[in-house]
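Below are structures written as structure tokens.
One chain, chain A, appears in both complexes that follow, with chain B as partner in the first and chain C in the second.
And now, the complex of A and B:
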């Protein structure tokens, strides 16, 4: 028997290594595709980066284009850009004079990250609690009220929730600052605005998965062991009902990042989302490329991490069950 | 059995579900008892109410819609039907424990086997972790699992069928309960493993003098194992008595059918195994009289509307069938009829 277990573990390790290598390869291809598509798409947009500024003499414009290499054919620009990326250089912003894109990202990302993480924590923690509560009180008033909150949270766009929060809690009752980012108290309203969305999507999923877990025999078996309600909830229901939502964590993070574009604009937060939106409007090619690339790596990495995480959280998923699947 | 002390007595138990205004009578008025150190088998087909009986003793009937439970369930001097959920929690798992049918769905997939054994030890005996660990290892060893220290850290999906059922038994026995209720513990297993589980239960019963209620639909399995037997049909007990006695002299037409449908010898080519004609009763719409009369070849007019009282055919062997009533004309012809 012990040989059996050992062999299985050994075989599992081998397959796991191969799986990880394969995933890294696929991730790299995904990111390359992302760069290429974004690069050509952003250049298709009509207009020129420097045309927004005050009337520049044509000579100056030519010099600027030459300086940033924009006078070269697109393919040359593209190959040069790939070369620079390989060196980790994302280039200079066309609008914010003298600032590199690397600079902008390292300065702006912490704001976005803090906001994202705060709202993820709030959203998931509340979503879990409310979702499980709804399932435990299925078809009772508590369940219906929670589900109404969830539906509202999903259907009302972020910018409306943000605006309402600013008006009521900021302007009318003056509990929180309306906008900007100068300390923890400033983070509360945008966190609520973003967290509501996360909460709403999580509640529905958790409720469904908890209902499924509740109908399982092992819940009845735990009851037959004399385990009390709290023990059953924390040891038997929770670990099993969060399994299905782990897969959604990757895409969820994506929602939050795109959500931050809007929320950061409403609350005037100097995060990455604002630079991205601004960059598209100004045709600041390097900034758009840089932030897109950054998000891309971030998302691909997160999805990868979630997949690996699954191994450790769900003991039933072993290396054997992932070979030959969707890849 | 030296002493005939009752550890459990079920009196007039009725369980019904309410489904969209229909009353589904899963168990209609049954009474039985369990002696200390006794193995009581409950046999019946699916839907006969045997599992619901077990679940209502534990007070864990899954709440599909609304469940109504009437009657008394007396454990020692305690009426379990009067206990609160919290008080019941101190009985479940420590005094009365249950082994479920399907180990693979009855074990928590995200919890290590050892932890699942330890759980009830910690709850009921308030043990320290180190002692609970030792006791769980012991519990695993007791059910015949080799290298328990290694299996302690494994997850349920890594178990094979026989092993999974052993773990279920280890969990149930962890706190040395007085009563062990086994709800079809062997149904999901192959014949070899079935035998082993029966032997294990026998051994445990011998060593710990645990009283066992063994629910099954397999009459063959309990032959040399159980002491007494209840035959259930349509939520009623139709026949009861010592296993040996019923085997020798099955009296209720349903019981006779059951014994006849067991494979006794090798069949000749094209020979069909005996089956009881018809299908089990629909609990939405149970007959007013004997639930078996629509399938019974000896049914009389009285069977349609009136249920027979239990009639004692021999010491402790009782049957609920009009054929055995002293006024029944056909009693003399019984022997040749059944052939």
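And now, the complex of A and C:
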């Protein structure tokens, strides 16, 4: 290895380190902002956590607020919350007595994550295949059919897809269990329901990016070299048309893995999704804060990972172009 | 190189998916030799700690796991830990309960001290109980202790010895037995609470049980499992071998699971109720909820006139709403107390039918309106604002009312949907003209429906003020003779309905479907609404 190359490499590493440090800093600030904004927003919502179901006498509400520290000024509550987060303590749920938010997340997350990973695999694999197929058969019947599926997949709400799957495949033909999560067979219907959505959003993007790749000179060059069709698809089209997906993969993965209320609710999956929705409805402050924080960290982390991944995958991007620095 | 890696990764993902996909080829349910009842819960029970349970699900499970002095079962108050009837002092202020010989699931005897500890813990401000108010109203010294003014020792609950419990009341409360049948007046073991502290009753192994069942599994958001408590004093009454309660929050999913036989029971709502009813597979019970319309004379001055109020009552075609729009077999109401509340020996409504007006009479309504307007010196009614909770059947009922009043009275009604928070606010400010009010009794006694309408009661939202009514209620609250009490309350109800600040509309029903072969499963209009403790199941061959 020549000295020149070595130095260049070293310079690249330095930029990379600086870039990573900077990104970590920005991520921490983002998460702090997220905590602060969520904290104050959730307290702006009218109502009280204990007055949801029935009218409680005022002295009972006072005592409960005192018991849970909700009688203190909001700023004190906020500072106390920040202090607890620093210790990794997300507090106790106000509704589910004696359960900590840490417990709830650590129990529910694995279910959501499994469902999420399965759906991502199915959705992205099928999305890729169908998207490339559509592009290769542009403006033909196959293309139109796939696009119709994609449009339907996006426009039909999840709970309808889930409900139909449950009714036809579960109740009517008894091929799969209707609900619950007790083994792989139970995961199939929810995976399809959630995967359809992912598939539908990905297909269009892949189709567009594949069309873009198809018009590139290197495809013509490959054809001219006499490489067969499959070879072109796997060596040239697939790796290049996958790039735009990676950008969306960060937020998509974060959203899917941290639970989806509708699908989890229909199939009675004990995931995290319901806590996002139910927590707000019940004004269960610690649960709302905890789940939002968890999602935020996940999202910021994955975005960060995707950026780094890009750096390695796409040769057109180098350290200079990401950081905007020129050394 | 990296691209090749990506391709390999994708292929690997595909293959992995296929392998996993082929691994399981369906599951088959094991042969059912045990009697296992499967009943879904709509959510995770928020609290099994007896002092913190205050919702339908926690209380339903609580009644299976724990037992107080008496319990509500199949329309009656039956003995629990208490032996026979209580001894009541002449002034009705001191109640003495004798306890049975019975044991906790860990073999220790259930004593009056466990009751004293459990009840005092309920109103201890340190406990943070949501349901302390159930006791503070009735038991002497409880309110003071709860508000941090009195001391624990001054709370009127005392174990005289291991088997005798003495309770002192704030005032003569003839229906105190009904009150303490609610699932928070339970014995609690001090040693267990001390041992587990904050994690008491958060896991099956962190509690002991004195009810018919013990909790054997509590997988959060997934499933609960119960097995009979071998130490329960009436073990023979427990017929099932196991009860499994999967947590299914989506209601349609519950119906679907009932269809496939994964559940033995499902609630039926809306379309499902109508459909199951047509097929003859639905059961309906009154759910304790009654719909009425509150008229506020301060918000809408014409309501000061009795004839106008009565016109607004007679102009509502209740039967048409129930049969043509609502779809469920609800009961058109000409009174305020529903069919489920007990009277002297039979349901109150059987003993006092309460047909206080003819259910629909548009001509008479028109006549009364004109008479009323004349008395007030008005040409026509101003616009009336009708508020309703935005959810459930209230919006369609509001539209129906609007149409009825337009057609039968020529009255113009503006509809205003309100949120739950706004509804709470109105119960404080009392700023409204007319309001659709779905409400139900808190416990099984007509007093629960009636007492809120006495002058200056915080929930008296129409500022109803009738001395004769107040007098009847205060008499009813202190009379020990049950027949006399019921008569007093029937009179009070009649007065209240005839003054017509509250227009009774209908007593609602709730639909259920229950599998064949399941017996002794009771649905009650109270919280908790399902009672499966002493249920039974025929084992069928399919």
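Keep in mind that, in the parts below, the second predicted complex is superposed on the first by the 300 of 327 C-alpha atoms of A that agree within 3 Å, B and C clash if a C-alpha of one lies under 4 Å from a C-alpha of the other, contacts with A are read in each partner's own complex, and residues count from 1 in each chain.
Here is the rule we use: a residue touches a chain if its C-beta (ideal position, glycine included) is under 8 Å from a C-beta of that chain, and two chains touch if they have at least 3 such contacts.
Quick caveat, the model's predicted, so the values are computed rather than measured.
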item: Superposition on chain A - do chain B and chain C clash or fit; value: fit
item: Contacts of A:128 with chain B and chain C, given as first, second, both or neither; value: second
item: Partner with the higher number of touched chain A residues, chain C or chain B; value: C
item: Touching partner for A:88 - first (chain B), second (chain C), both, neither; value: neither
item: Chain B versus chain C as contact partner of A:184, first or second or both or neither; value: second
item: Partner chain in contact with A:73 - chain B first, chain C second, else both or neither; value: neither
item: Partner chain(s) touched by A:266 [first = chain B, second = chain C, both, neither]; value: second
item: Chain B versus chain C as contact partner of A:97, first or second or both or neither; value: second
item: Touched partner set for A:60, first chain B, second chain C, both or neither; value: second
item: Touching partner for A:227 - first (chain B), second (chain C), both, neither; value: first
item: Overlay on chain A, chain C to chain B nearest C-alpha distance, Å; value: 7
item: Intersection of the chain A residues that touch chain B with those that touch chain C; value: 235, 239, 313
item: Residues on chain A engaged by chain B in the complex (per definition of touch); value: 1-2, 5, 215-218, 220-228, 231, 235-236, 239-240, 243, 313-316
item: Of all residues in chain B, those that touch chain A in their complex; value: 55, 58, 60, 62, 86, 89-94, 97-98, 100, 102, 105-111, 119-120, 123-124, 146-147, 150, 154-155, 157-158, 171
item: Sites on chain C touched by chain A in the complex; value: 2-3, 6-7, 10, 13-14, 16-17, 20, 23-24, 26-27, 43-44, 46-47, 49, 52, 54-55, 125-126, 128, 130, 132-133, 136, 143, 146-147, 198-202, 219-223, 246-250, 252-253, 256-257, 259-260, 262, 420-421, 424, 427, 459
item: Of all residues in chain A, those that touch chain C in their complex; value: 46-47, 50-53, 55-57, 59-60, 63-64, 66-68, 95-99, 103-104, 107-108, 121-122, 125, 128, 163, 166-167, 170-171, 174-175, 177-181, 183-185, 234-235, 238-239, 242, 265-268, 270-271, 274, 278, 312-313
